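Consider the two complexes below, in which subunit A is the common component and subunit B and subunit C are the respective partners.
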Partner chain A sequence: MGKPCYFALFDLQPSFELDRDQLATKYRELARETHPDRFAAESDQRQREAVERSADLNEAYQTLRNPTSRARYLLSLDGTELPLEATVQDTEFLFQQLQWREELEALQDGADMDGIASFKARLTQAQNELHDAFSSAWADTTRRPDTERLVRRMQFLDKLAAQVRQLEERLDD
Partner chain B sequence: MALLQIAEPGQSPKPHQRRLAVGIDLGTTNSLVAAVRSGVAEALADDSGAVILPSVVRYLAERTEVGASAKDAASADPFNTMTSVKRLMGRGMGDITRMAGQLPYRFSAGDSGMPFIETAQGPKSPVEVSADILRTLRERAEATLGGELVGAVITVPAYFDDAQRQATKDAAQIAGLNVLRLLNEPTAAAVAYGLDRGAEGIVAIYDLGGGTFDISILRLSKGVFEVLATGGDTALGGDDFDHAVAGWIAAQAGLGEQLDAGQWRTLMQQACAAKERLSRDAEVVIRFGDWQGCLTRQVLNELIGPFVARSLKACRRAMRDAEVDAQEISAVVMVGGSTRVPHVREQVASLFGREPLTDIDPDKVVAIGAAIQAETLAGNNRDGEELLLLDVIPLSLGLETMGGLMEKVIPRNTTIPVARAQEFTTYKDGQTAIMIHVLQGERELVADCRSLARFELRGIPPMVAGAAKVRVTFQVDADGLLQVSAREVASGVQASVQVKPSYGLSDAEIARMLEDSFRSADVDKSARALREQQVDARRLIEAVESALAADGDRLLDQEEREAIEDQLDRLRGLLDSSDAIAIEQQAKTVTQITDAFAARRMNATVSAALSGRRVNDIED
Partner chain C sequence: MAYSDKVIDHYENPRNVGKFDAQAPDIGTGMVGAPACGDVMRLQIKVNEQGIIEDAKFKTYGCGSAIASSSLATEWMKGKTLEEAETIKNTQLAEELALPPVKIHCSVLAEDAIKAAVRDYRAKKGLL
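Our next item is the complex of A and B:
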């Protein structure tokens, strides 16, 4: 790719665990140096470069800030590019997925706001548990296949969370 | 003769030569211009001391009026007087037809499907009307600051889409303004508020203006203003309150569809005045024609309730997007004239669980924030500790895919600048071209999103279906404007567009408007020259007349007097002509022929003074 490692850009070691506040502080510091506003009085060439560097920085920050994209990025550094869509052969998780989906449909039909709130809380908890699981699997190089499976699970829960948000929006109408 | 300035080599003669830059709030109802002077950002006033310029333009056959005088004529001359034109910026004929009924204009379609309004000066696009407002502000700023501007930061509603932003930029170009940056209005307000109060933490800016509504949630941290999420509605504002009140009056008074455009404008002005009164009083008596009635604050609240509710819904969505709870927000700042309405304040307070801040001038705060940013972009703050604004795109950007679906490439609330690529492939064997349809919006179906541009990537070498790899790159700059390029990876075939929304102005239309504005600038200039000559000539005639009346008999012989009166008559005859040069020439002749007379009067005055008599005595 020719682009610097996102972790190195933020003075970090490649790792799933990171301090989000520290990342945000470093991001603001770097944004100050690269933002096109700083080059407003300079040549078009310099300004274009600033736009590109800023866009790269924003991309790096977004990737590291979100746990799922951070996990995917770690895998890609390791040589595993996960396709976004893939058939999942994770029967244990498939059952759980079905359960989540059915529950969400029932909440939608009942327009149950309290139910949605508690569903969201459980979803967040499940996401946190997945993050912990990924973190320990990542630390153990013999468990690479596990990490891929966990990232797919994280992606599924992200999608579910997006559906919950859409549902909330629809019910807000 | 001026002395030459000599500077040391490598040192500029004026070490702090400032580049003049302004911030402009181009509002639906009112517009302002502000600048940083001696370190303080302030709104600039016109000759009469007024800071606010009503965003109203009247097109008469001979001239164009902008501001208060145009506003006063809105009811008398509804078809030639443009109000709230910001609501039409970047809109196509389709949108206008939907808004019809609210708009008293006669529309026609331009070459590119953009609506034009028929006026006494011919068809005018909303962009040209905005350009006339911007030009007035530019001239005010140049007169006040005493020089040409290097550029301006112009504010736009955060929720403006690409077309509306592009239309604003086009208007600035026609007005002869260099746009340093299009800045989101709530972000500008946050800058003014944040710097003024030294605020840190998460703040919400609730900006309800005449025609647009924005909500932005920002994190303020050591001079960095990071927008976390923004939301809003570009067709929601105080105008809607006025319409609701006007509709209520019309219904109460039993007036149906028979109101003409002028009466409707009068009714709207009454409705607006009643709404404003109800911000102070519990009820107000309204008279319209033979009808008289009482509007209470409670009825007003019911009328405007649905609009306020829509704004609150956008607030909740922005909080979800920003992933913050109401409790985490440390301040809610109210911006825009419509936040003076008590019902709005109450509802916002109850949503956020805290009293909103209303002590900052809601009319000026946006222009002031823009002026501060303009100062930075003009390069006048070089101390390093300058502010930094990290803004977002308000609406998702994407492409049309199979089945008329919109695939998002950059989701809403992504920090700008941003560049993102997506790969597509051919779906037929031997396919050599691919159509790229750029969209903006949140809905799944293409038909529900705004179409920004269509272009074709041609010359792809024939391959089996699915073998070609077309990489489409979206790049959004710091103004929030999009550029799209496409490239077939194997062959390197490339195509790119600067997205010019399909229903925006064509380049030919912009070129024509630019020409018109130069021509009208010439006309304006010669019209001003003529008026100045006429004023000077009238002054001269009066002066000579009174001198003749006072001393003509005493100091002039018959022949001299006749010669003067003869030339004076000629000047009088020229006063109503439109020939500035002839007036100037004749005025000179009058001055020359009265020279001797003036000298004698001066001598008489002096000798009278020397002999102890007062001038008044002589003149008697």
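Our next item is the complex of A and C:
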């Protein structure tokens, strides 16, 4: 038997826009119900099942909580597994990405905290714009190729955001 | 992960880092990216009137293997014709650098960058 749909697990409709509070509330509720400690007195078989259910629940929650993995999951429900290893030649976007990485490198060399803060704000805005773009492309079934390109772009921005976080942590020390 | 000495050498002393004017008529630019790891690579070639790659430059934001693969690719491309450069395979780059299997895809990025740069140059010259 296949795994249940992650959205259904949390009583949500499969959609990119989602009620994060409902997701978190439902997650905590289910996490309590499926916590392996509750099955400590049961048979080995039941305990194993509880551990598995708990792991599935966590995976489902993490997948839906993060916008990029949520978008990828939506595509996979629709039958598209994005081959992320494949090279992309999204030229204009990549030129901009290279520029941003150069900018971040300069901010890092100068330990420019204000510059990093404003860089981060711009990055967050770009991520939000991508999310909005994905949401409207997803609503239109004729625009599947667009949604795939947008998810790939999200991956690059996620990487950049992770680098900004690392840089902030390093400069904090 | 243990990197080979060659990877570390190319990573610490990358050859041909830099850029050419992407608008210049004798320059071909390849821009490629790998969404899985967020790597971004720009590889450029400067081609003379005989169709020989006189110089090559790159800039890669990515892991050590991606940087080493593109550094080695620029070294190999110099002095080659466009046709010869196009035959450079990622497996050759990976073998020379002794990349571990999980890092092979980083060399694929370099091969694709070579092809993209050659294609960009040909498109500029109306050779496609």
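FYI, the second predicted complex is superposed on the first by the 172 of 173 C-alpha atoms of A that agree within 3 Å, B and C clash if a C-alpha of one lies under 4 Å from a C-alpha of the other, contacts with A are read in each partner's own complex, and residues count from 1 in each chain.
We adopt the following convention: a residue touches a chain if its C-beta (ideal position, glycine included) is under 8 Å from a C-beta of that chain, and two chains touch if they have at least 3 such contacts.
All values reported here derive from a predicted model rather than from experimental measurement.
Undergrad: Quick one: classify A:Q97 as touching subunit B (first), subunit C (second), both or neither.
TA: The second partner, subunit C, only.
Undergrad: Applying the document's definition of touch, where does A:Q89 land relative to subunit B and subunit C: first, second, both, or neither?
TA: second
Undergrad: Kindly classify A:F156 by the partners it touches after superposition: subunit B alone (first), subunit C alone (second), both, or neither?
TA: second
Undergrad: By the touch definition at the top of the document, which applies to A:V51: first (subunit B), second (subunit C), both, or neither?
TA: first
Undergrad: Contact-wise, after the overlay, does A:R28 reach subunit B, subunit C, both or neither (first, second, both, neither)?
TA: After superposing on A, A:R28 lies in contact with subunit B but is clear of subunit C.
Undergrad: Figure out whether A:R122 sits in contact with subunit B (first) or subunit C (second), or with both, or with neither.
TA: Touch status of A:R122: no partner.
Undergrad: According to the stated criteria, A:R144 is in contact with first (subunit B), second (subunit C), both, or neither; which is it?
TA: Once the two structures are laid over each other on A, A:R144 reaches no partner at all.
Undergrad: Pick out the shared contact residues on subunit A: the ones touching subunit B in one complex and subunit C in the other.
TA: In subunit A, no position sits in both the subunit B and subunit C interfaces.
Undergrad: Write out the stretch or stretches of subunit B touching subunit A in their complex.
TA: Residues 180-181, 221-222, 224, 226, 313, 316-317, 320, 376-379, 388-390, 414-420, 475, 477-478 of subunit B touch subunit A in their complex.
Undergrad: Which residues of subunit A touch subunit C in the complex?
TA: Residue list for subunit A touching subunit C: 82, 84-91, 94-95, 97-98, 101-102, 151-152, 155-156, 158-160.
Undergrad: Considering only the defined contacts, which subunit C positions touch subunit A in the complex?
TA: 31-38, 40, 42, 59, 61, 105, 108-109, 112, 116
Undergrad: Under the touch definition given earlier, write down the residues of subunit A that touch subunit B in their complex.
TA: On the subunit A side, the touching residues are 28, 31-32, 35-37, 40-41, 51-52, 54-56, 58-59, 61-62, 165, 168-169, 172-173.
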